[in-house]
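Everything on this sheet refers to the single structure shown next.
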Amino acid sequence: MQLEVDLKLQLGDFAFSAAFDVTGRQIGIFGPSGSGKSTLVNLLAGLLHPDRGRIVLNGRCLQDTDAGIFLPPERRRVGVVFQHAHLFPHLSVRNNLLYGYRRTRPWHRKLPLPEVARALDLEPLLERGVACLSGGERQRVALARALLAAPELLILDEPLSALDHGLKEQIIPFLRKALRRFEIPYLYIAHSLNEMRLLTNRMLLFKKGTFHGLADVEQVARERMSRCDFGYLNHLQLGESREVGDLQAFRWGRTELIVSRREGSEPGLFELASKDILLFKRHPEALSARNLLEATVAELVPCDGMIGVVLDCAGEGLVATVVKEAAAELELRQGSRVFAVIKAVAFRRLL
Amino acid sequence: MQLEVDLKLQLGDFAFSAAFDVTGRQIGIFGPSGSGKSTLVNLLAGLLHPDRGRIVLNGRCLQDTDAGIFLPPERRRVGVVFQHAHLFPHLSVRNNLLYGYRRTRPWHRKLPLPEVARALDLEPLLERGVACLSGGERQRVALARALLAAPELLILDEPLSALDHGLKEQIIPFLRKALRRFEIPYLYIAHSLNEMRLLTNRMLLFKKGTFHGLADVEQVARERMSRCDFGYLNHLQLGESREVGDLQAFRWGRTELIVSRREGSEPGLFELASKDILLFKRHPEALSARNLLEATVAELVPCDGMIGVVLDCAGEGLVATVVKEAAAELELRQGSRVFAVIKAVAFRRLL
Amino acid sequence: ELRLSVNASMREAVLESVRAFRNLHPDAVIVSNFAASGALARQMAAGAPADLFISANPEWMDFVVAQSLVATDQVYILATNRQVVVGSATTAAGQLTDLADITRIAIASPESAPAGRYAQQALRQAGLYDELRSAGRLILARDVRQALLYADRGEVDAAIIYATDARLARRAVILFEVPQELHEPIRYPMALTLTGQKKALAVAFRDFLLAEAGQAIFAAQGFVLTD
Amino acid sequence: MLEFAPADYQALWLSARVATAASLLVLPVGFALAWLLVFSRLPGKALLDGLVNLPLVLPPVVVGYLLLLLLGRQGWLGGLLARFGIQVVFTWRAAVIASALIGLPLMVRAIRLGMEQIDPHLLQASRTLGAAWYDTLLTVVLPLSLPSMIAGLSLAFARSLGEFGATIIVAGNIPGITQTIPLAIYDYSNTPGGEARALALCLVSIVLSYVVLLLSELALRRFGWGTSRRQGSGSRAALRKSPSS
Amino acid sequence: MLEFAPADYQALWLSARVATAASLLVLPVGFALAWLLVFSRLPGKALLDGLVNLPLVLPPVVVGYLLLLLLGRQGWLGGLLARFGIQVVFTWRAAVIASALIGLPLMVRAIRLGMEQIDPHLLQASRTLGAAWYDTLLTVVLPLSLPSMIAGLSLAFARSLGEFGATIIVAGNIPGITQTIPLAIYDYSNTPGGEARALALCLVSIVLSYVVLLLSELALRRFGWGTSRRQGSGSRAALRKSPSS
C-alpha cells in the first residue's frame, strides 16, 4: 500500500491537519484520545469532507479538492472496521457478511465466504441473527464483513477497545492471522501499545489534530517501558520445540527456552515481561526457575527509578528491568556478564 | 445484614429457585453467565415478582406471596447499582446524585452529598450533564447515587464489567473504600474472582438458576488457581513502611518486604502473582531481586501440571507456583526449608 | 349516461323522480351527485362532468351561467319553498316578533347557505336581526339541516328552516310559517348544461321533472309547485 | 392583494386561540393515554387503543354530532355543566373541545412513539432509588418524553387550524364568536366570488402553522437529548451523495 | 338491528378499497419525503416540511378545491391526463388521491420519527462496504424503517376512513361510484330516519379500522427489532404499581 495524504479540516475548535506519504502493509495510527485518529479514518473513507487536500491510494486519487475530485465512500475500496461492530440488525450473520461481498466486483473479490468464516470461526453462527451474538463474535463478524469486501486498504479503528481483556486475547490472534493470511494492507488504530506491537511495525503519530511523524513501534514501546505495569514486554519468536519431561523446550536463536506445557508446542510469538527476568552475578544453584541463560549487558536504560537492562543472549535481544539498588549491587555496566533466570511459567503465547 | 430468602420463579424455560439465610456485611453472588444472578437482584429489589416465596431483610418482610405481602421497590430500601450506570440523561450529575437522596426519609439519610462526592472524586463534575462523562465517571456517579439513598442493602450487579482494565483498577479502590467507609451492607456480583476477593469474603454460588450453597471466596480462588494465567494471586496486607535507598520497605508480619517506590508508601493491600516467587534450595548470592525470605513448605497442591507451594514465611502465608520438574529438583515436600526470592517490582498495590 | 349534480337537500325528491323516470326509460343510466350547491358549481367549473344542475341557490346558477357552462335560456325554476319556524311544542311563539323573547334561535349561515339568507331577510324585515345578532342569541348553523338538528335536540328554542326540512323533525314542531313577503322568493333553479343539452335523455329527464308526474313528486316532498 | 374584513381578523385570532388551547388541553390527556398504552397492563388495552383512534377514523361530522349529544343541553355532561351555569355548545369552548378531540389520536401516537424509546432501565433505577410509580412518571418519563410531546403539540396545533367538520356542529358558525378560519373559509367558498378572501385566509393559516412548526423545531433542538446523546446529526451525512457539498 | 342497503355495502367496499389504496399510495411518497427531511441537506428543507404539513393545516374542503383545480379538466394535470383519456375527477381514483394527500402529513411524521432513530453508523458502515447512497437507502434505511412505516400505514388508513371534506369535492358524492362511508353517512343524515343507518355505517367503519389497527400491531411485533434488541417489554413493568399483578 502506498498512501499519500495532505489534508486540512476545521471542525468547530478542532483543527485537523496531516500531510504524509507512507508505504507498507501494516501501519499503525497512534495518539491520545481526541487527537484526530477517527477524523483521519473518516476522511480516508470518504465519510467526511476535508476543507482542502488530497488523498492518493496506490496511485489512485481518491480526493483532490483543488481538482474537484471526490470519490464517494462506496467507490474508494477503503474498508473500515469500527470500534462498535455496527452490524446490520435486520440481517442474519451470513447476510451481514455478504453485504460488502455482493457489492464488490467479481474480479476484485479475493476470498470466498466459507474460507473467511472458517478462519474466523464463524461457521456455527452463519444462520443466526446478530442480536444474540457476544461481543467477541460481533467483532469477528464485523472484521469478516470488511475482509470479504476485499478492500484495497482496511482501516481498523480501535476494533478491540470495547472488549474485555479475555475477549481481546481471544480475538488478537484471529485478527493477526486473518490480516496476514488474506494479504490486505491495513491501518490499525489502538490505544494499547501492546496491541499495536502485535499488529504493526510502524505508526503514524498524532497529537491535537496534527500529524507528528512516523515512528517505529518497538522504539516507542521501549521508550515507554517504565510506564507499563509489567515494565517492558519482550516479544520472543520461538521456533520448533521438543518435550522435556512435563515441559517444552523451544528453539530461540542458538539456545533453547523451557516453557510450560500449557502454552502449547507449535512455534510462535511469546510474551515475556521484563520484570520476570531475574539477573544473577554468579551461576545460582538448585532453583525453581527452569531457564538459566548467560548474557552480556548490551545497554543500560534508566527510567523512572528503574533500570532497563538490554541483554544480548547468544545474539538474541532481551530486556530485563531491575531496581537501581540491584543494578549497583550486581555491578551492572555495559559489557558485564550476568546470568538471566526465567521461570517456565513466565512465558505467554501471543500467537 | 440478615437476609432470608426462599424464592421460586419460572421464566420461560428458565427455572429460578433459591432458599438461603445469610448474615454478613459483604456477600458475593457468583455463578456463570445465565445462572440467575441478575434474576435474584431483580427479585430482591422488587423489580420482578416471584411465583412463590418470601424475602425477609433484617427482620422486615419485603415479600411473602403466601401472606400476600409485596413491598414495592421504592419502599424496600434496597439499592441497586446496575452494570450500565443508567444515569438519568435529563439531569445534571448533581441532580442524579440527589435523586435518591431527596426521596429518602431524613432520619434514614446517612451521608451528605459533599462527603460522598469528595470520597468518589466527583466534585468537579457536579454541574455537568451526564452525557459527557467517561465510563469510569458514570459508574462512580451511579454508585454515589445509590449510596446517597442510604439503602439498607446495596446490590452491585457487575458494576465494573463494562469498563476496561484501566478503569477497573481506578474504581475498585474507590468502591472498597466507599463501601467500608459508609458502612452499607452489600451484595456484590462479579464474574472475576479477583474482583470478588477484593470486595467480599463469602459468596452465594448459583448454577443454572439454582442456589448451590455459600462458599468462602479465598477457598474458591485457591481451587481455581491453576486456571488463572498468573497462577494464584497472593493478597498481602502490608503495614508501615520506611525508605530504603530508592525503594520502600514495608512491614509484613514479623519481617519486611522491599517494594518498588512506584507503589507508594502507605500501608495497604498488595497483589503478588504466585509465579513471581522464585524458590531456591540454598541461599543465592548477588541477585537482582530485592526480597529473599526463608520459608517452610506448608502444603503442596498439584494442579494441572503445576504445583502450588503454600509457604509459611515467619507466620505469614504465601503461595508460589512451580513446574513439576522444579519441585522434584528442589526436593520440595511438606516441612522442607526453601528460600523465596521476590523482585521489588513484582508487587502491585491494590488499595 | 345521464349525470345529475343535485343540491343535497333535494336528494329524496330526485331519487324518487329517477325511480319513476326509469319506469319509462328502463335502459337509462343515471348517475347522481349530491352536495352543496357551491361545491357542485365549482366542480362543474373545474370540468367535472354534469348534464343537469339543480341548485338550491340562484346565485350559483348565475355563477355557472357566467362561466358559460349553462346557456341562459336553459334555466328553469324546478320548485319553490317556504320558510317555517320550528321549536319545541312548549315554545310560545306565533309570529316573528315573538322571537324577540326567545333565548336562542338557529338559522343557517347567511354567508354559505341560501336558507340563511332568506331567514336573515325575514328577520331584518321584522326588525329583529341586528338585536338578536348582537345579543349573541342567533346561532348560525352550517345549513338548514343543522339548524333543524339544533331545534330537534333542544339546543335552541326555535329555528327558521325550510318547510320541506321541517318534515324531518322528530321532536320539534312547526310553530308558524314565515310570511313570504318578508324575503325573496325561495326558488330552486334547474338547468341543462351545454353537454346535457345535447343528450336526448337529459332533455327527457328535464321535461319529466317539469311535467306533472315529476312535479307531483316534488309536491309530495313538500316543495311548493311552481305555477 | 390581501384584504381582510374585521370578521377575518376575529377568525384569525379565534383560530390561534382555539388551536393553542386545544393542543395544550390535549397534551396532558394524550400523555396520560400514551402512558397507559405503553406502560400499563390494562386488560382492555387494545380496546382503549381503538377508542383513542376513533376521532381519526370517524368523519369529523360524526365526531361533532356525538359531541353535541354529549355536551348539549340534553346531553348528560352538558346537563351537568348547565347546572353550574356553564354552557359549552355554541361557545369557543366547544371549538376547543372539538379540536382537542380530533387532535387527540395524533398527540397520543406521537407521545407513544417517544415513550417507547425510553430505556426501561431508567425507570427501574428510579424505582430502586425510592421513587413510587407516579414519581417516576413525573420525574423520568415526563421529561424524557418532552421531545415527542413537542412533536405532538405541533401536530395537534396544525390539525386544529384545519378542523372544520366537528367544530361547526358543536360550536356553530357564528362570526366573531365561534367562527374560526376554516369556518370563515367555508362561508367564503360558498359565495360566488369569495375565492380571493378564502385564499387570503388560507395563507394566514399556513403562516400561523408555519410559525408553530418552526417554534417546535427550535424547542425540539433545545430538548433534543435524543440526538445530542448520539454522534450528532453530522453523521447523517452518510446518506448524502457527497458529505459536505 | 344493523340493516344495510346495497348502497351501504358498496360504500363499505369502496371505503376499504380507497383507504387501502390511499395508504399504500402514500407510503412510498411518505418514505421519500421523510428521507429528504431527515437525511438530506436541501436548502428548502424547512419549506418542504411546511408544505408536507399543509394538508393537515388547511381545512379538507380547501384541499379538495385545490385538488379540483389541479385535477379538473381545466387544471394542468387534469388536462394532461385527459389527453391520455384518463379522467380523475368524479372517479374513485379522485377519492384515493384526496385521502392520500390528507394522510400524507401523518405518514411522513411517523416515518420521520422512526428514521431519526436509525444509528447513522450503520449507514456509514454500509457506504464503506460499497453501497451507494440509494443502495444504502434501500437495503438499510428501508428495512429499519419498516416498523414506523407500519405505524404510518395504520394512521393513514384510519384517517382515510374518516375523510369527507376533500373527497366530496374532487370525487363527488355518487352512490356506488365515489360514495365512501363518510359520504354515505352524510347522505343519511340528510334523510328522514337516517340516523340508525348512519350509526350502523359508523360501526362498520370502526370495526374496519380496528381490524387494521390489530393487523398493524401484529406486523409491528413481527418487525419490531426495536423492542427485541432491548431488554424486552417485560421491563416496562417498572412503571407499574406492582410488577406482575
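When the chains are written out, they are named A, B, C, D and E in that same order, and each has its own residue count from 1.
FYI, contacts are C-beta pairs under 8 Å (C-beta built on N, C-alpha and C of every residue); 3 or more make two chains touch, one makes a residue touch a chain.
All figures in this text were calculated on a predicted structure; none of them were measured in a lab.
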{"item": "Interchain contact steps from chain A to chain E (minimum; 1 if touching)", "value": "1"}
{"item": "Greatest separation from chain E - chain, by CA centre", "value": "B"}
{"item": "Reference chain A; chain at largest CA-centroid distance", "value": "C"}
{"item": "Highest-count interface - the chain pair sharing the most C-beta contacts", "value": "D-E"}
{"item": "Chain centre separation (chain A, chain B; CA means) in Å", "value": "32"}
{"item": "Chain A and chain C: spacing of chain centres that average the CA atoms, whole Å", "value": "89"}
{"item": "Distance from the mean Cα position of chain D to that of chain C, given in whole angstrom", "value": "36"}
{"item": "Residues of chain B touching at least two other chains", "value": "46-47, 72-73"}
{"item": "For chain D, residues that touch 2 or more chains besides their own", "value": "65, 119, 121, 124, 126-127, 133, 186, 189, 235, 237-238, 241"}
{"item": "Where chain C touches two or more other chains, by residue", "value": "42"}
{"item": "Complex contact set, residues of chain B against chain A", "value": "161, 164-165, 229, 231, 244-247, 260-262, 275-276, 278-282, 284-290, 304-306, 320-327, 329-330, 341, 343-346, 348"}
{"item": "Interfacial residue positions of chain E with respect to chain A in the complex", "value": "119, 121-122, 124-133, 135, 139-140, 143-144, 225, 228-229"}
{"item": "Residues on chain B engaged by chain D in the complex (per definition of touch)", "value": "45-47, 72-80, 82, 84, 86, 88-90, 99-100, 103-104, 131, 145-146, 149"}
{"item": "Complex contacts: residues of chain D adjacent to chain C", "value": "65, 68-69, 72-74, 89-90, 168-169, 172-175, 177, 186-192"}
{"item": "Chain D contact footprint on chain E (complex, rising order)", "value": "35, 38-41, 46, 49-50, 53-54, 56-62, 65, 105-106, 109-110, 113-114, 116-117, 119-121, 123-124, 126-127, 133, 136-137, 141, 148, 151, 155, 158-159, 161-165, 181-182, 185-186, 189, 198, 202, 205-206, 209-210, 213-214, 217, 226-227, 230-231, 235-241"}
